[in-house]
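Next up, some structures in structure tokens.
What follows is chain A paired twice: with chain B in the first complex and chain C in the second.
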Partner chain A sequence: MTRRPILDVKHLCVDYLAEDGVVHAVDDVSLTLRRGEILGLAGESGSGKSTMAYAITRLLRPPAEITGGEVLYDGRARANGEMTPSVGPVDILRLKPAQLRAVRWSEIAIVFQSAMNALNPTMTVGTQVLDVLATHRPEMPKPERNARARALFEMVGIAAERLKSYPHELSGGMRQRATIAIALALSPELIIMDEPTTALDVVVQREILTELMRLRERLDLSIIFITHDLSLLLEIADTVAIMYAGRVVESTSAHALHRQPRHPYSFGMLHSFPSLRGEQRLMTGIPGSPPDLRAVPAGCAFHPRCPLVYAPCSQVVPALMTMPTDSAAITDSGEQSVACHRYDPARSEGKPLPTATEMEDGYATLSSAFQEAGKA
Partner chain B sequence: MRHVIRRIGIYLLAIWAALTINFFLPRLAPGNPAEIVYQRLSQHGAVSPATLKALEIEFGVNTTDPLWVQYIAYLNNLLHGNLGISTNYFPNTVTQIIGQDIKWTLVLLTVSVVLSFTLGTLIGIVVAWRRGTALDTVLSSVMTFFYSILYPWLALMAVYFLGYTLGWFPFADGYDVTLTPGWNLDFLLSAAYHAILPALTLIISTVAGWMLTMRNSMITTLSEDYVLLAQAKGLRSRRVMFAYAARNAILPSVTGFAIALGTVVGGALLVEIVFSYPGIGYALFQAIQSQDYSLADGILLLIIVATVLMNLVVDMLYTALDPRVRQERSA
Partner chain C sequence: MTMTTPSTATPILEADHLRKHFPVRQFRPFAKPQVVHAVEDISLALVPGRALALVGESGSGKTTVARMLARLYEPTAGVIRFRGRPVTASRRAALLEYRHHVQMVFQDPFSSLNPVHSVRYHLGRVLRLHGRAHTRDEETAQILALLGKVSLTPAEQFIEKYPHQLSGGQRQRVSIARALAAGPEVLLADEPVSMLDVSIRLGVLNLLLRLKREERLAVLFITHDIASARYFAEETLIMYAGQSVESGPSDAVIQQPKHPYTQLLISAAPDPDRPATAKPLPARGEIPSLVTPPTGCRFHPRCPHAMPVCRERFPGRTELGNGHWTHCFLYGEGNDAPEGPATTHS
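And now, the complex of A and B:
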């Protein structure tokens, strides 16, 4: 059964207007999140993944500007009459300010990377939960709001007395739990999580993730999970989109990505983490560093770091193309899309589809070449 | 609590140091107040040397007592609120003169400083919230212009045009001198009328500073994640602007505000001189001009104590405003 999409991002473009020209931070990105699923968004710093989060929620500030695309949100009909029974998806980018305020938090909530900075230091965390309720549920009596705040804190595993604490009085993990409690205040359908566990140590990270997965099960949440940690996404996400220099280079189910990463960049990212079990091998990673968005390489932005590079790569920007899934075992995950000329029969110049061995060897050669260049 | 006691201790130490300097400094200078009054009296006719002796006893100078005895006597006098006798307004005591002049200064300056701070900070908040808009561009440029005006020039222009040429406002004294000071409407209205021009010039010259400080601090705060999160929460703009952004951005301004309140007691020397306003600043100016050491000393002492007290107030205010400071200090 394919579930209906709750969020459909189509051809989204975000520019930063700099003094010396325009930077395309997000360039023609399309994503689909199905109801109840987790969509992972992965990429290095500057790949545009966080900009995506802010664009979807319309939180971008100048000089960032959305220059095109649609963000179609299809909320479920609300029993309490707050939303009229769904009349099909609405484009968030075209909502009027009052409509946008109504959608914010009651439909779409966000969890930021650094909980320390995301909480107002001069306000108790309790007040920061209650003001959401006061704004969006003015009809709710005060004792009920207080009870709701207590229930939320207990739901994310913090003692309710902590509502009276200021952010600096909580540990890093508790602060992140508090921001998650704030996000859940209005039982939203969609939560966007921008690196929610990156700033935490691994043990706390694991606790929070377990908590999140439990809550998601219980509350039937749809989640966009943004991180640079691709192996984490393989574990928790249903589908994964990998971004590079503002574009999606591969979009597929987590299962298919794990089994066979198609794009050389996805392959490189997956192989920059050692596996605990498999055989020992030399960790090469991806040589070089992500491009400066003010001077993105022509053609495929990844080509200067790519082990498979050949003539068309520096000339033509590859389009995201759907690949047939070659295993009948995969029925739930839909399609695997990749933006690479080597998979495009029209441009592959007779080369065969890339194999894991080819990419692995390619990276090894490329690494030593980069090292040589570094020494010289 | 321990923190507060420690701070009070430090401030008491600062006051003691100031008192001591205040005691020794005039004694290093040549001449003494008794001689000044004696000379003044002798201009009007012969005065017996016994008068000089009497004056010396009155002022407590030129005694055979060792310095430390004088110092203890001085501290003892201070404790009893005895600041000595003014040579200028002999035989009025310094305490009497200060008590009379300080009311004028306190009312004029407190009202101006509070109004200026409130107005400037509010404008700063709104302008930062709408940064980049026409409102911001216009107000920020106008305010930068005000900010760079030299106060004496502004005050003199106001006196000349609004006071002297147009005659809209009085530009000397604190009230119409034909009236009897007291709690009657005529006098109060006259006092308010006389205060308009000094207050207005003060506000114009200081409001820009508050506004620019708040605007800068606010712009930094607006880029914080918690402000973004508050917006994402769908809160009303006013709540995001005040409870999330301004509440955090105002901390630096509060320090400035308390320091400004501390200087209120010292009086704005320039304002009171330009407008011949009967306040403490004008009294200090006259005391220095006529070598009235006891009065000048007394006023300086008052300024020091007021400044130190205001610092203590800032400290406590900060503790109340910023929960993080609260914790560090209780720890």
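And now, the complex of A and C:
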């Protein structure tokens, strides 16, 4: 069953105007989030994943600038036909300030990475929940707002008495739960979570994720989950987009990515996490380090670290192309898109499709080559 | 000897029943003095050419253990033995001599290097302090060799760089080179890769693996990521709220975890290969306060198998064979009573 997209990001570009030139933090990124699904956005620091989150909600401030693209949001009211159904999706990037205020938080909410900084240390968490309700729902009577705040806290698994606590009186996990409660305050349909569990311990992280999965079922949420932890995304996300140096290099269902990562970068990332099970072996990882966005390599930005590199890689930027999935088992959120010349029949120069062995051997040779170059 | 190391090699650095209490600063003059019970009764042994992973959540006392071993903290109780000889509170010269053998790598390469000094200064200072280089030429040659050892090449370029000109991975390599500059036999690595980008973590881990093998370093590898403990270390010690709960060969601890806390930790770790039938264990409660820790086994308020005895006293060590042991009443009383005098058993 294909569900309708709730968010359709098309060719989004974000630049940072730096002193010594322009940095393309997000470069021609297209993503689709279907209703009720979790879209995982993975990448290393500087890959543009957080900038994406801020761009979608239009929270970017100068020197960042959205230079192109569309963010089409198809909200619930329209889906239910309560509002003019003929209007269709709206482009968030073209909303007027008043319209934007109506969409933010009540339709699209965001949970920031560090709950420590997202909460105001001088106010109780309860005040901060009530603040949101008072600002966005001024017509709601006060007792109702209080009841809503209590309900929200219980929903995310914190005792309602904790509304009286200041952020420093809560543990890291509870603070993060509180920010989730605040994000849920106006029952949004779409939540963008920017590394929500990165600073937390694994046990707490697991608790919050379990809670989140439960909430998502119950409230029919659509979620964009941003993290650098790919092994986590494979567990929770429906589809995953992997970013490198501001571009999406692979976008596919979590299942397909786990089974067969296509892009050499995705392959390398997946093989950078030591596993809890299976046989022990030396892993090579990805040699080199992510590029400086002020000097992104020409052509495919990944080519200096890529084990499959050949002539066109340093000349032409590969486009994200859909490729047919070879297994009938994955049909629901089916297509696997990859930005790599080796998968492009027009540019592959007769080379066969890369295999896992080829990439693995390639990485092994490449990292010893990096070390050799080091010794020379 | 109380330590169980399957290898025949003798440990180079041992800790016996280490304990650390930090006083809590209080402003009420007549109040009862309070302490943070950061580490209670940790024993471990480091063997040349092998690694021991110390795994636990934040607040479990892993860093405190490393800092005691590095003699940055004075243990409240317990003995540290280097090559079988107890290391005692000592004068500056003796401390320098100790640090010549035992070095530490810190978690955050962004704050552990001084931004106003170049790589040459960072490494040269250690070489001079430990008397390993006397002339400038000697120093340069040694620095270049060290940079080569941590794969920062071309070394000639890196030697004059400042921390802000380096990436996170490169900085951590400089920190490792700085630790190696003293010519240590023991390396205490406190979460050496957790601040780094995913794609470069493995590079730094593999570097440490190579150094462990080539330099015959005894490594204490502190991490919160149990999967990387399995990758890096032959043995793993799991800590919870300052107490050791389980230890043994990494594969045994991770594939057949015995202690309920280890089981919880492993079931919570991200694992895309986990069979769909294996549901994550439900967790309840939080890490306790270490000022007023729970009595007995500190995990008992969160433990699904808690028994009355768990509240009363901390279980002794139960050997499970093959160097695998745990502190849990589910597997017996244990015979190494932690509260009494250190008893030796064969």
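The rule is short, and it goes like this: the second predicted complex is superposed on the first by the 364 of 376 C-alpha atoms of A that agree within 3 Å, B and C clash if a C-alpha of one lies under 4 Å from a C-alpha of the other, contacts with A are read in each partner's own complex, and residues count from 1 in each chain.
Methods note: contacts are C-beta pairs under 8 Å (C-beta built on N, C-alpha and C of every residue); 3 or more make two chains touch, one makes a residue touch a chain.
Small disclaimer: the values here were computed from a predicted structure and weren't measured.
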| item | value |
| --- | --- |
| Room on chain A for both chain B and chain C (clash or fit) | fit |
| Touched partner set for A:355, first chain B, second chain C, both or neither | neither |
| Touching partner for A:289 - first (chain B), second (chain C), both, neither | second |
| Touched partner set for A:228, first chain B, second chain C, both or neither | second |
| First (chain B), second (chain C), both or neither touched by A:205 | second |
| Which superposed partner A:371 touches (first chain B, second chain C, both, neither) | second |
| Chain B versus chain C as contact partner of A:44, first or second or both or neither | second |
| Partner chain(s) touched by A:258 [first = chain B, second = chain C, both, neither] | second |
| First (chain B), second (chain C), both or neither touched by A:187 | neither |
| Between chain B and chain C, more extensive residue contact with chain A | C |
| After fitting on chain A: smallest Cα gap, chain B-chain C, Å | 6 |
| Sites on chain B touched by chain A in the complex | 132, 223-226, 228-236, 239, 243-244, 247-248, 321-324, 327 |
| Touch list for chain A against partner chain C, complex | 44-45, 171, 173, 201-207, 210, 228-232, 234-235, 258, 268-269, 272-278, 280, 282-287, 289-290, 367, 370-371, 373-376 |
| Interface residues, chain A side, partner chain B - complex | 57, 59, 61-62, 100-106, 109-110, 112, 114, 117-123, 131-132, 135-136, 166, 168-169, 179, 182 |
| Sites on chain C touched by chain A in the complex | 57-58, 148, 151-154, 167, 169-170, 197-203, 206, 209, 224-228, 230-232, 251, 254-255, 264-274, 280, 283, 286-287 |
